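Below: one structure in structure tokens.
Per-chain residue numbering starts at 1, and chain names A, B and C are given in the order in which the chains are listed.
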Amino acid sequence: MSSVLESIFSTTFLFSVIRVATPLILASMGAVITSNAGITNIGIEGVMLVSALVGVFSSAFGFGPWFGFFMAIITGVICSLAIGYVSMSLKADSVLTCIAFNTMAIGGTVYFMYAVVKDKGTTIALQSGKLPSVEIPIIKDIPILGDILSNHNVVSYIAFLMIFVVYILLYKTPLGLRIRSAGKAPNALSSVGVSLLKTRYIALGVSGILGGMAGAFMSMGYVTWFSKNMTAGRGFIALAADAMGNSTPVGAALSSLLFAVAEALSYSLQITMIPPELVQMLPYLVTIIGLVAYAARKSSLDKKKRKKLAEQ
Amino acid sequence: MTVGQFNTWFEVLRFGLAIFIAFAISFIIMSFSTDSPFAAIGNLFIGPMTSVRRFSTVLETMIPLTFAGLAVNVMFKANQFNLAAEGALFMGALMSAIIAIYMPGPPIMVIIAGMIAAGIVGSLVCAIPGILKIKWNCSEMVISLMLNYVMLYFGTYIFNQVARDPDSAYKASYTFREGVNLGNIIPRTRLHAGIFIVAVFVILTYIFMFKTKWGYKLRVTGSNIHFAKCAGISVAGVIMSSQLIGGFIAGVGGSTEMLGMYSRFQWSSLPGYGFDGVILNILAKENPAYVPVAAFFVAYLRIGADYMYKQSDVAAEIVAIIEGLVIVLVAATAFLSKFRHKMTTKVSKNLLEAGGAR
Amino acid sequence: MDEKVILKVENIWKVYPNGIVANKNVNFEVHKGEIHALIGENGAGKSTLMKILFGIEMPEEGRIILNGEEVKIENSKKAISLGIGMVHQHFMLVDSLTIAENIVLGNEPKKYGLFMNKAQMLKQAKECSEKYNFNINVGDKIEDVSVGVKQKTEILKALVRGAKVLILDEPTAVLTPQETKELFVELNTLKKQGHTIIFISHKLNEIMEICDRVTIMRHGTTVDTSFIKDTSPQDISNKMVGREIVLHVDKKPAKPGEVCLEARDIVYVNSIGKKALDGVNLKLRKGEILSVAGVEGNGQSELAAVLTGMIKPVGGSLKVLGKEIEEFEPAVLRKNKLTYIPEDRMTNGCAAKLSIIDNMFTDKIESFLKKNNVFIDKKKMKEQAEFLVKDFSVLCGSINHQVQMLSGGNIQKVVAARELTEDAEIIIAEQPTRGIDAGASELIRRKIVEFRDRGAAILLVSADLNEVLELSDSTIVMHNGKVNAYFKDTSKLTEEELGYYMLGVKKQTEKEVNAIL
């Protein structure tokens, strides 16, 4: 047992939490933007997957990982806009569109991977490179803190920066005002001549940037290759984080961190006698419990509040 | 032509065009990765017809797809985007596998017991998102997505503890008891009696949906929950029972697949039927009677794609792109809507003029 | 081209995707600086025409001429840039934002080219509201302000964007009489400043009071335009419906019988924590129509919702047919022979995508089953549905058509046909004739009286004063979640008197109010 505790409170554990949290934070920021605009975007899973593959290909056959990162973002934007086109301009149900897109993403990435490297499993055969890790001056020399916070992949720092950026975007800019209106009262937005469609397209585009980054991190930071269905439901977790965080950037980021702790825990607990399947189950179970706890608390608070007001 | 007739005709046209466009786009994609795209797509089309064995594989593949489509049909009818059919199918398959390994008695009894147990397990799985939605208004979609993974790992844990054969070279359970399978109805194929079971379920689901009071209440609730509540329908009960029924169908589907196609449990990942079910439900226009037709279409494509992979070295996963495109175009209500609008205007105006004073 | 004419539409045709012809050959002219009324029954095509002018819908044929030039209005943005503004019946406001944020939305002042300039925003909004003498606090959140203020915000939104032609879609439907007066003052101010106003309304007296000219629409087309001073209410209403309207409801005196519904101390707290019902008592007797009057938002909807089990009260008790109701559920109350015509027919009154026949018996499907009690007796359903369609003169092609294909009045007839069933002993009718044409209203009112004469008890919740005065036998008035007046005999009541109680200017003593018990 003590070894378990030791591993949990070790710097390597906390370091890995940040590593694991990176794609979740980025994807959940994407989910926050879209859900504020009134779109349930479960397509973010597929967006990440496609971006991850395009990143690897662009890096291997283009100009290295930064080019791959750039192309992954472009891909994320294009995919998100395509989802938007089908669900908004062609008026298909958005959940169905996303499910169809995710199906296409899982199959399509395998198809193209096979077409290029003749392997249906991974692209390990390709020399696709890795985005650099960054040492943070000053902080890296602080004991413990330095070990946890420094020397992460550059995308991890971008991810944390994005929480701040998304916050500013939503609450301090005209675009944010429009995005929030698009979600809360779409009619109000169109009544003043702002195109609801355009606003939602922009929101989707921004979420595509974030989803693209998340995908790029998966295949060029987390590991250095693409493998079949490598996102493994992270896009869905991001959606859950958004729901738990009440669609606020900070709330969603904290929820993402919570999921990351559970996931990291499942790795470090694998060395113990606890069955690995149960540990792997943990993050998903935590998500459900978290969502239920949040919803239950909300409904009981509502009830209490009304009861109190009634007694007055 | 009346407006109603025009609409029917239009829907058929749209469907056909959606399928055509999906194939055309996929053909273009294929032509980048193979020198002979015509041969490849030809193989995709004729593949299932090249032998009795392959054609029967289409029918075998159809069975779990139809179950999944029916399960999703019933659950979505209540306007619940519950995607837990995936987990229900997985757990149903595992449950019946365990029973097939351990339960004594005549094989037919074991099979029936296995199917019922699988159905109950499936119901329980699909009930979870339903309960949480009704009790605390949690998003059934997000919960069910997570739940599927919980079921995968929890099921794998049970499998390892209870059923895994340590002597097997790969991850597999002990073999099922002698005679515990759904037989074989065409020699030298794997087609099993599950095809009859699924046919019964299609008919029952159709009758349930359109001929019984429960189906009626379900349709009203799914169409407008406020109205259903106002009319005195116990909406929570209707939603819950539809999730239980859908889960039951999914569970039986898992069990049918397991007992029909396998002699030991060896799934180590989610089979993906949950999302397939959503796709089938849309292709079937949300009508249980059309689910088997849609399942045949999808199964035919997938088997054709396998043949294409072997003959033309084009990855079979291209069918995922075809399926996705068809769904998107079928679900896209605005697709061809301009044409439709123009025609409707014309038809209405003609009627108006023909009707004179009306 | 006539100098006076600011806006002209010619030969407009509009067909909706479901095949309904909403506008056929519409012609319409508005003069600069006038208040122009547009009146017509529901489904006459007024809303469609206004949607076309504001770029929400595109016509199939026809021309729109603004200031002498033909224009194409593809979307609202274009309409706004052309100087057309619209205040919708349902407010288009973001509740979670402030008045100022709602006003500048789409036109936000910026700083550093990227961020919101909050100070500038508040200043702009304030200046504008002062310019037009609108007395509002622009920093308030929409969710905290009254309906009147919300409407002012809507008008300001249009004015800030330079609207010269302002379309108001039934602006007074949601206002108190006082707020209406205030609005009319404001509209006259706007008129003096050179704005042109298109005023859509159902209320003849308002049109007579404030408008210069009136255009009448019927069955999707414009039938007449005339100066108010040259016409009379009788004349307008005749042109509207093409026949005389009987504003008077024929009924015999009521013979109230035993009490069949009794509510005591009902308290309900709504989602924002307001006591929407604050200790309501009432008794409903067989063979009488008791109306609940009041300015909207004073608890009438909540009262209807509690009595039908749609919401649960936090306090109080309810007795139906002598039985104490333990569970506030529609199913429980319906079992006790209570039926309900809900205010919002599209939300609570029907399943729009299902057929007429499927909508007719939703509450009593159990009595349309075959002997095994499981399968539906389609034949019996069909026969009964065909009978009801005839009895309630529902205009439809077939009973298998979707309800959403029908017009508002016909949908309401379907709802009424379902709820006014033979064994109904208590009928809660909430705004049963709101927003539907005169023919349908008349039929529904007649049916209600018919049921009363058969011995049913009817609770009529209505914001239509004429309906309250004409249809009901006794009346209670709600104000601020409380019953503040009870009149045993409605026929002795005048409109003015009722108005005083509705606005809370007058208030009965507790003893007088409790005379109902």
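By definition in this document, a contact is a pair of C-beta atoms (placed from the backbone, for glycine too) under 8 Å apart; a residue touches a chain by one contact, two chains touch by 3 or more.
In UniProt terms the chains read A = Simple sugar transport system permease protein; C = Simple sugar transport system ATP-binding protein.
Note that the structure is a prediction, hence the values are computed from the model and not measured.
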Chain whose Cα centroid lies at the greatest distance from that of subunit B: C
Selected pair, greater C-beta contact count between B-C and A-B: A-B
Chain centre separation (subunit B, subunit C; CA means) in Å: 44
Distance between chain centroids, defined by C-alpha means - subunit A, subunit B (Å): 29
Of all residues in subunit C, the ones touching two or more other chains: none
Interface hub residues of subunit B, defined as touching at least two other chains: 337
Residues of subunit B defined as touching subunit A within the complex: 29, 32-33, 81, 132, 135-139, 141-143, 145-147, 149-150, 153-154, 156-157, 160, 275, 278-279, 282, 314-315, 317-321, 323-325, 327-329, 331-335, 337
Contact set on subunit C toward subunit A in their complex: 75-77, 79-81, 86, 88, 90, 92-97, 101-102, 105-108, 110, 114-116, 157, 161, 267, 269, 271, 273-275, 314-315
Parts of subunit B lying in touch with subunit C, wherever the complex brings them together: 3, 211-214, 216-217, 219-220, 223-224, 226-234, 337, 340-341, 344-345, 347-349, 352
List of subunit A residues in touch with subunit C within their complex: 168, 172-174, 176-178, 180-181, 184-185, 187-195, 302, 305-307, 309-310
Footprint of subunit B on subunit A - complex, ascending: 40, 42, 86, 89-93, 95-97, 99-104, 106-108, 110-112, 114-115, 120, 233, 236-237, 239-240, 243, 275, 277-278, 280-281, 284-285, 287-288, 291-292, 295-296, 298-299
